[in-house]
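Below is a structure I'd like to ask you about.
Per-chain numbering from 1; labels A, B, C, D and E assigned in written order.
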Amino acid sequence: MSAESLILFFIVGAFLVGIALLFSSLVPPTSTNPQKAEAYECGIPTEGITWLQFNVGYYLFAIIFLVFDVETVFIFPWAVMMKTLGMKAFIEIVIFFFVLGIGLLYAWKKGALKWE
Amino acid sequence: MKEIINLPVSNIEEEEYHINMGPQHPSTHGVLRLLVSLQGEMVRSLKPHCGYIHRGIEKMCEKDTYPQVIHLTDRIDYLSAHINNHAVCLLVEKALEVDVPERVRYIRTIMDELARIQSHQLWWSSFGMDLGGLTCFFYGLRDREMILDIWEETTGSRFLQSYNCPGGVMQDIHPNFQKKVHAFLKTFKKKIKDYDRILSGNVIFENRSQGVGILSKEDAISYGVTGPSGRGSGWSCDVRKTEPYSMYGKVQFNEVLRYECDTYSRYMVRMQEMHESMNIIEQLIDNIPEGEHSAKMKAVIKLPAGEYFQRVESARGELGLFVVSDGNKTPYRMKFRTPSFSNLSVLDHISRGMKIADLVAIGASLDLVIPDIDR
Amino acid sequence: MNSFFKYFSDIFHGVKSLLIGMSVTGRYFFSPGQIVTQQYPENRKNLQMFERFKGEVIMLHDGNNQHRCNGCGICENNCPNGSIEVIPAKITGEDGKSKRVIDKHIYHLGMCTFCGLCVKNCPSNALGFGQEFEHAVFDRSKLTKVLNQPGSSIIKGVE
Amino acid sequence: MTFNIYDFTSFNRWIDEGLNSFMSPTWALITEMAIIGIVFLLFYAVVGLFLVYAERKVCAFMQNRVGPNRVGPYGIFQTIADFIKLLMKELVYIKDSDKLLFNLAPFIVIIASFMALSAVPFAKGLHAIDFDIGILYVIAVSSLGVVGILLAGWSSNNKYSLIGAMRSGAQIVSYELSVGLSLLTIIVLAGTMQFSEIVEMQRNGWFIFKGHIPAIIAFIVFLVASTAETNRGPFDLAEAESELTAGFHTEYSGIKFAFFFLAEYMNMFLVASIAATVFWGGWMPFHVSGWAGFNTIMDYIPPFIWYIGKTAFIIWLMMLFKWTFPRLRIDQLLTLEWKYLLPINLVNILFMAFLVLMHWHF
Amino acid sequence: MDNETLKARILEIVPEAQQEENKQFLTLLLPAAKLHDLALKLKNSPELAFDFLFCLSGVDYIKQLAVVYHLRSTQHKHALVIKVKTDDRVNPNFDTVCDIWRTAEFHEREIYDMFGIRFNNHPDMRRIFLEEDWKGYPLRKDYIDEVNIVEF
């Protein structure tokens, strides 16, 4: 089978969820109750709004991740072709990794790898 | 650039995030509500809201006679029910100047230590569970079962025994008691090694608990954090040592102290205490003297008018019992100074600036029992 | 340099501690040993409670449907929860004297906390603890029981 | 036509030719797709249900318990009963939740795991799609599932869920790197990203033996990182039940909750099969060069059994992790990735490349 | 420090203190106004060093409402009981000691909850167990609750 048939798996997956949701929304008995629709917070009504600006503390991680993820894309072709490219490419990739490592070390020393 | 600097600070303040942990929350171990104010994952402050299971035991005590009070004390800190009973009995005996038989002292001390072990076992179980290691929970409960069986055989109940009574104990120990306690000690000495292997030495656990929830000795004293939690801060506050009662003055045991002041040290104190408790039981179990299981008491117990105070070391810390008597058969005022109540008050102080996950670990390390807070 | 070695020793100790932990669960996986789980409804037939087990308060009756309770009411006074009500009756004995006997010994199981004070303080050892523990009923009023069996009488010489 | 359990290629061809003989090629393709779809749907459901049962039983043994034992012999129908129960439960809608995303999240989670499943080679010739960039594809698709979790947590209008979602966000941006890099280590050794070729290359020795030290390190890193990617303990911070009650799926009820549950187990299966394929030779039997007799005996065991056995072992390892370790804290999760796994991984790739260039591997 | 010297030392600070009879502890009855002052000195003077407030209870003596402070020194191992009383049943109040012993914060809230005794300068003077709108103070002797108390 070809890669186009991926669409099949997409459809089958969606079908599985869709049919079950449909069944579940039609067959089981339903009862409405305003308290049922409350968000669960250990039995206490929620105070304040939920979606407010949130200090997640991993923006820096996201940025470092972005850097590394892009770099991984560069590594993939080399990894596949490494045997044919030989020693020269290896030395080049060592230099590339060295630069990456310096970057990581810098971020580490700067304290970017800390969840605040 | 200037605008960015001049952003009002109050905006950031408003981004506080309020979350209710409890009353229906897996890590509050009962119906305790903590209103946690968060900034991201960081706990800025928290307010405990208790009283969800306040039963007014102090008021109920005012209508009960002294022997009747005992069955209520079981329900204060249900995990150290024996010890709570013991406190009432000691107070009544002290006030009436009754001398209880030696056998009773032995039995009570052994029962207290068994209660301490099973309480710590359950604490260990739930500690593991709070940190996400569910397996610990079942190991702890499995081993606790043996103690409950020993109790059931002697006292008839597994949990709320009401075994002590003023002057002695309700009934003599079962003939199998000593044999079963020996069997328990033998098994548990092997099993407690598993506890260390699966949790204490685990690198994840160490990282989760070390340096978390620092409680200095001064704060521990000021907040009245007694028991293993206080001893984890290096405060020698064991009532069994400072004011020995029953057999504690005569047995050899160490007061476990640790000085790291964090969750890990509170954890290690309890682990060590289980060993010490087994040590105490071993010294006593073969030497229980023959004799009556109860002293002769009057049919109606009346305490002379006055004020009495009795302290015992429950599994969670110092249990203080303050009784004002007006000479009647019922106490005029009975106040329980329960350890968890004071231990809870420190939670806000030591969990500030920690993460939510740490808050759970700290709460578990303080070993709060909610009925003990609410009474 | 020191921190460099610490980095690797940390990894080593961490992995070691994890393996030790896994060895515990792994051992139990292959040899669970004695499983303490009670298969409750199945083992009902051979389920043996301990003899002192406090299931419920009962009045001890002998083979002749006779008990030892004379209706003194000490148990009622001793009960902290008011779960016992003693309703005495007066009967005229053979010698013509009227004497106090028990009419109904009412026991509210729903209020009982099994403290054992009634059993302990009964002067004539008329009460005891039963082994029954399956008390669940659909109606709360069914938890109120009369302990003296119908038609029972007091054992002679107990009074 | 004989049915050969050692090589499904001829079987596939037989079906293909059979269908083409009485249908137009278009209809034959559609029929084939339908067959594949149904087979995978059934497989997905059966494996999902079985894994849930297996986990409950395995953890019960580890915890000295009995586990499910009421429904059917040894409780084997327990998960089916659970599934029916969940199917029959009401779907509760939450006030002020983002309805679209709230309903979309289970779709994303399931579809991601379903699509990733398409690349797994179960036996020789028994795979749906044999990509030439198989590994890259799996890495890409399987990390989509975490997006579903992020959406689920965010859309619920629940504070616990939101924190869970934020945590899962941090998890995505961290552990994906390690999964990719540890698989890269093997790509360096194999020189290809196609699963069938990777398996074929392990005919004379699995990569974990061929690549010895770096391959073992890569395997451990992959196991840790993929456990984190599938949101399983000890990395289940997004649903940390003792802190966030149920984390991202707090508000999900009935069958919607079941899908998150199912997807988690399928992701575990998926990760285990990738690990089995890449590191342990997939369906390739265990061969020792030179032991001709031994190798023949090993060849008699069908490839599917080899594949399932290896996968089951890795799944068991992941269960062992979950039921032994306490949960990490969010900053420790990130520390583990950025300060330990990532540097080790980077060095490990170079180490592996060096080995390959020097022909020091077996 | 034994009880006699202790008593002398405290009488130096608060001459109005009266001793009450108690076999166990040295018990002193103080005028409410001097409470905070004395508490501060008890905690801070090195030879007294009462750093551990191990019980804080309210008592309703019908005529009076009282608060009892059980104090101990972890350093010198001596103990002391301080009692303050007030005749005011409508609006009883004392000075808080929770800035001296932090554990008092919760205990004082409990006393407020159960006896209605207010503590001045307390940072968070709310009910701790009961609801904010609860009427009356349950541990007072004259408290009658028709709804919740079952009479046998």
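By our rule, a residue touches a chain if its C-beta (ideal position, glycine included) is under 8 Å from a C-beta of that chain, and two chains touch if they have at least 3 such contacts.
Bear in mind that the values here come from a model prediction, so they are computed numbers and not experimental data.
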Chains touching both chain A and chain E: B
Chain located farthest away, centre of chain C as origin (C-alpha): A
Selected interface, A-D versus A-B, where C-beta contact pairs are more numerous: A-D
Identifier of the chain whose CA centre is least distant from the whole-structure CA centre: B
Centroid comparison with chain D (C-alpha atoms), farthest chain: E
Separation of mean Cα positions, chain D and chain C [Å, integer]: 51
Centre-to-centre distance between chain E and chain B (centres being mean Cα positions), rounded to whole Å: 25
Approximate Å spacing (C-alpha centroids) for the pair chain A, chain C: 56
Residues of chain B whose C-beta touches two or more other chains: 17, 19, 25, 40-41, 135, 142, 198-199, 202, 204
For chain D, residues that touch 2 or more chains besides their own: 62-65, 159-160, 166, 245, 323-325, 330-331
Chain C residues counted as touching two or more neighbouring chains: 18, 21, 24-25, 36
Residue ranges of chain B touching chain A (in the complex, touch as defined): 15, 17-25, 33, 39-42
Chain A to chain D touching residues, read off their complex: 1-3, 5-6, 8-18, 20-21, 23-25, 27-31, 34, 36-42, 46, 50-51, 54, 56, 58, 61-62, 64-65, 68-69, 72, 75-76, 79-83, 86-87, 90, 93-94, 97, 100-101, 104, 108, 113-115
Of all residues in chain C, those that touch chain B in their complex: 13-14, 17-18, 20-21, 23-25, 36, 50, 52-54, 78, 80, 113-117, 120, 129
Interface residues, chain D side, partner chain B - complex: 59, 62-65, 159-160, 163, 166, 233-234, 236-237, 240-245, 323-332
Chain B to chain C touching residues, read off their complex: 64, 67-72, 135, 142, 145, 149, 152-157, 160, 162, 165, 170-171, 174, 194, 197-199, 201-204, 206
